[in-house]
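Across the two complexes that follow, subunit A remains constant while its partner is subunit B and subsequently subunit C.
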Partner chain A sequence: MNQKKSKTPMIVTLVLVAAIYVAVFIAEQTLPATSMLFTVLKKGAVYALVAVSMNLLNGFTGIFSLGQAGFMLVGAYVYGIFTIPVDQRASVYQYFDGGIVQFTVPVVVAMIMAGLAAAFFAFLIGLPVLRLKSDYLAIATLGFAEIIRAIFQWNGLGPVTNGSNMLRAFPNFNDFNIRDASGNTVVYLSTLIPFIIAGVCIALIMLLINSGYGRALKAVRDDEVAAEAMGINLAHHKRLAFCISSFFAGVGGAMLAMYQTTVQAKSFTSAMTYEILLIVVIGGIGSVTGSVFSSFLFVACSEWWLRFLDEKQLIGDFEVPLLRTGFRMVVFSVIIMIVVLFFRRGIMGDKELPDLLSRRNKTKGRAAK
Partner chain B sequence: MWDTIFPYLLSGVSVGGQYALIAIGYTMVYGILRLINFAHGDVFMVAGIIMVYLAASGLPLWLCIPLVLLITVAVGFLIERAAYKPLRSAPRMSVMISAIGVSYTLQNLVLYITGGLNKQYPTIPGISDTISIGAAKTKVVTVITPFLVIALVVALVMLINKTKIGMAMRAVSKDFETSQLMGIKINNVISATFIIGSFLAGVGSILFFTNYPTVIQTSGAMPGLKAFVAAVFGGIGSIPGAVIGAFIIGIMENIIKGLDVILFKLGVISQPVGLATFSDAFTFALLIIILIVKPTGLFGEKVTDKV
Partner chain C sequence: MSETKSSQVLKLENITMQFGGVVAINNLSLEVNQGEIVALIGPNGAGKTTAFNCITGVYEPTNGIVYFNGKPIVVNHPQGKMIKQYGGINGDMYVKQSPVAHTPDRITHMGIARTFQNIRLFKSQTAFENVLIGTHLRRTSNIFTATFHLNMKEEKANREKARNLLEIVGLSDEADELATSLPYGKQRRLEIARALATDPSLLLLDEPAAGMNPQETDELGEFIVDIKNRFNLTVFMIEHHMNLVMDISDRIYVLDFGKQIAEGTPEEIQKNPVVIAAYLGVDDE
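Showing the complex of A and B:
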């Protein structure tokens, strides 16, 4: 690990990432805004951030937490509550006299608040839960996510959370598009902005992972007792990782709210956590690049590439059997099971993109995608 | 006051019994494989769906019930062989992820088959009839459930304590590797565990869906999680513990569901405050409290971690 690494792969990676951003920007200006590509890119960016935040816990710290959906819910709600325009509140909170929050904050501030709120919840939950081990911890975090969901649906909190009714009318991704005076869109930014938000957050997580703290977290993952013997404060590091992961899950929740344009507590179920966990597993537990890749792959497969399985297909006069609504998800889950059973290291194992590049450069392999 | 609480108590005992049947599957699998079988709740749901389709195909009900149990057992057996056996030497987390994958697959499969629609569970004559006990009106199944559960549990405890396979199960749950060295066929024991668990989940599904007669791909998730909590509450690995835990959770959950009404009739509150929302959350709060206060549950054995 300590051998001196060449800087080239890192630079190539940065150039690649920059190229992707430019490509996204150009695609957005040229292709029709209704293209399926943008749905995938937007949702993929949201899932990438959430998956990386989960990977920080499950892959880098060895805390097997299943509370991600709960923290996303907190983030989504905090974002929604503080950004719904004041003149819309009467119609959104129609059963609660317009609600009690009667001001809005800028989008960026709301997103940071979303993260902080999720981190705060994580801090509280972490106090009892982080003392538990492996599968008990998993089930306890899952339980907390359910409790959070119940609290946000409670009518007693209706003036703040709108009870079990949905929040809507807050700024979403499309509001990032720059329009001229007559309302025509001049510059499309609705895909680039989520990319930038997710990119910045993931970069921050990368910096953390590569710092001294990150190495301490990996030590905790590999052997708690040994790590403690080396002077790492277990409780402190676990709590830190838990709060930071939840912070980004909260920001991810806010982004999901923007993507969906509405928020309702009942959609943040344990099934959502499972999906994110499967993304992390497919990408490789312990690889940030893997989580990002597999998020886009997962979203693209489930939303786009496998769509044809849901419709009747004719080859000549032959109607392919079995194809109807829902078949896509069956095929998809079978693929996931194959990955889980036979390719347990996922797409990337625990490698990052620069690692791959440096090996390929040595072997003069083909250029990375 | 008694008249107000009694109906909730009654349905609590009934639901608790149904949770108990699922919880036994969790606790036995955990006892042997140290695996939270996340797919168990979905096996329970699949049993419900199979019943719906068998009944719709025109088979007489007396034939449907044994067939449902048989197919459910087969499903449980196949899941273990396909998804857990290849991972026998893998880290525990991989097996748990595989269980989550199976749960996801089963739900999607059922979504495909049903088209995502609520399916009406067939009425089973005899246990679907309404009877009244004191002030409460309820279905016969509510009354039958606790007795059936106790009978099944007694039979199961006998099986575990008196038969050879039961002895093997106890040995495997004590020490996986040593029992393998002693010539116990681990795979057979594990299969037997899954077969028993799925059978009980099948029985549980017949009772549960007679009371709540719609089945959809997600209807196994909540009962599954609650049954797992019951198993942890009672001390994972302990069958009597799981049953007692399940009854406590079932009763508490139903009382909280009716707490608004009860408090209103007692004059404590003047208008409903919507406490029923917390009936699910309560179960998990209970889980977290028990994990902090007594992580081994009510009847669990103390385990020490070796470095």
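Showing the complex of A and C:
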């Protein structure tokens, strides 16, 4: 970003990222496909994308929006609706005579459509909502997400959305695996592909953040009055950020649909938005690296590492007290409280990986302030 | 009075700004000509910054017209507010008399740049990035070419420009420092550099010497004259340091309680009894 900054940290970062991809690929070929690791990696990749998209809005533009689950829902449904194979539609839309959409589009096209649909919704919502500030905007977007959820469950839209019934049978991550003629998997790609999709999207967001527009968005976040005095059209730039963030939330929604293999509107609750907000806060508001890192951490904790807390554990003859179903969430909440109390700026603050690797620490002055 | 000459860069006509019952500016009219340095002075609370905010579109004046290069950029009428409120009933009047309310960013596009009394730098960004943001409004790239970095030529030119501006204001060494970690005087200079990055023809400086010591103030005076000549600017400034004002201003307007009480060259203002009374107070006895 700075003119004199050396390129080495950037190169090291790229090498690291490439190494992670190679590691994922190798792990997938060698470890059993049922390993919990892959669940975490897949869901982590989805959440990483959505968290980064939320960070673009909350961290880089200073718009406190809580509509992420709503935009994910739009993306997930658009993806599902347009990719269910035609011969499966009769069984999926059993209450609606097979639905009215009787064609499919390729997966990549459907994902882009999912993003565009979410961005279109964001544009419409943004017209009234982006005039609001901070908490009011959060409440309005939260309300929007709830309304969207209700609308998609409405029976009147059943021929398109399947009402409150779930969408299923669309291509999911496992369909990326390459199989031979007899149906045995030859090359496992079901974790690598979501990594690649999320990686490309996050790279696009990072490119945007580091462009002139990204600087303008940060200017809007830092000081709206000054930004406007610098000739930055507030309404235009906020709308831009809102739509772009929603685009990637929509793509993330499509990926979540693939991960879950089914889509049901009622699962896109505001609790999902809070989870993502939590990831953003823990990772550091204004740090893409932080969001990515903390989404894997979050998913690993909630899905895997803390699972043992939900079951009875015996040490010798001694039964550890308190451990029962639901205790995981208690521990989880305590961890979150500790993070929020003692690491108020999140794991990464607003630094990125290259900043950490470079010797000249840009944030020294920040601490002195 | 309503005739606008081509050399007139800025003209305020009967600007009134009311906040509820408080009249912050009362019927202010003034002119700033091409190439001049004009100062707006007055005791605290006289409405100087409010006048700047009316010019730059931050506030919509209750009444009056602001001309920039002969064209009205902010227009409002005495009944402006009333007509707006009852626009639903009498739509025609609303359409005819609706104010030409340009947003601040449009006004900056036209070539009016400003600094702020209470420094408003982008606090999370370096000095260099602060100036770079000022170049954003003259962009030719759109969101796609910018994201995919297809505008490297423009980006390079902008960076070059930002670097030059930093050099002109003497902040080359601090380019990578966080803007808010700079000392006060340098922050003020940085704000000027940032304003210059928007390619203005009229520069509004809101108390550029506030918080500076006498030596810094002297340097600032020379600096303002220097950038005025270098960028072919017109400067309109609010300032409390009388030495600076008297040194570099071509003309001075004096405000008190929102009203213009005097206008003239520095020599005239210094001798004006009304101004002296406003600043020092008069003995009623």
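For this structure, a couple of remarks:
Going forward, the second predicted complex is superposed on the first by the 355 of 369 C-alpha atoms of A that agree within 3 Å, B and C clash if a C-alpha of one lies under 4 Å from a C-alpha of the other, contacts with A are read in each partner's own complex, and residues count from 1 in each chain.
What we mean here is this: contacts are C-beta pairs under 8 Å (C-beta built on N, C-alpha and C of every residue); 3 or more make two chains touch, one makes a residue touch a chain.
The structure displayed is predicted, hence computed values, not measured ones.
After overlaying the two complexes on the shared chain, residue contacts for A:319 are found with neither subunit B nor subunit C. Of the two partner chains placed around the shared chain by superposition, subunit B is the only one that A:153 touches, whereas subunit C remains out of contact. Between subunit B and subunit C, more residues of subunit A are touched by B. After overlaying the two complexes on the shared chain, residue contacts for A:344 are found with subunit B alone; subunit C is out of touch. After overlaying the two complexes on the shared chain, residue contacts for A:225 are found with subunit B and with subunit C alike. Within the superposed three-chain model, A:97 lies out of touch with both subunit B and subunit C [touch as defined at top]. In the superposition on chain A, contact of A:311 is made with neither subunit B nor subunit C.
When the shared chain is aligned, subunit B comes close enough to touch A:329, but subunit C does not.
Where the contact sets of subunit A with subunit B and with subunit C meet, they give residues 225.
Subunit A makes touch with subunit B in their complex at residues 64, 128-129, 131-136, 138-140, 142-144, 146-147, 149-151, 153-156, 164, 225, 269-271, 274-275, 277-278, 281, 324-327, 329-330, 332-334, 336-337, 340-342, 344.
Considering their complex, residues 56, 58, 103-106, 108-109, 113-114, 116, 120-126, 128-129, 132-139, 141, 143, 146-149, 151, 155, 158-159, 163, 175-178, 180-181, 194-195, 197-198 of subunit C touch subunit A. Considering their complex, residues 34, 36, 83, 86-87, 90, 92-94, 96-98, 100-105, 107-109, 111-113, 115-116, 218, 221, 225, 228-229, 232, 273-274, 277-278, 280-281, 283-285, 287-288, 291-292, 295, 305, 307 of subunit B touch subunit A. Residue ranges of subunit A in contact with subunit C, taken from their complex: 1-4, 204, 207-208, 211-213, 215-216, 218-219, 221-223, 225-234, 240, 244, 286, 350, 362, 365-366, 368-369.
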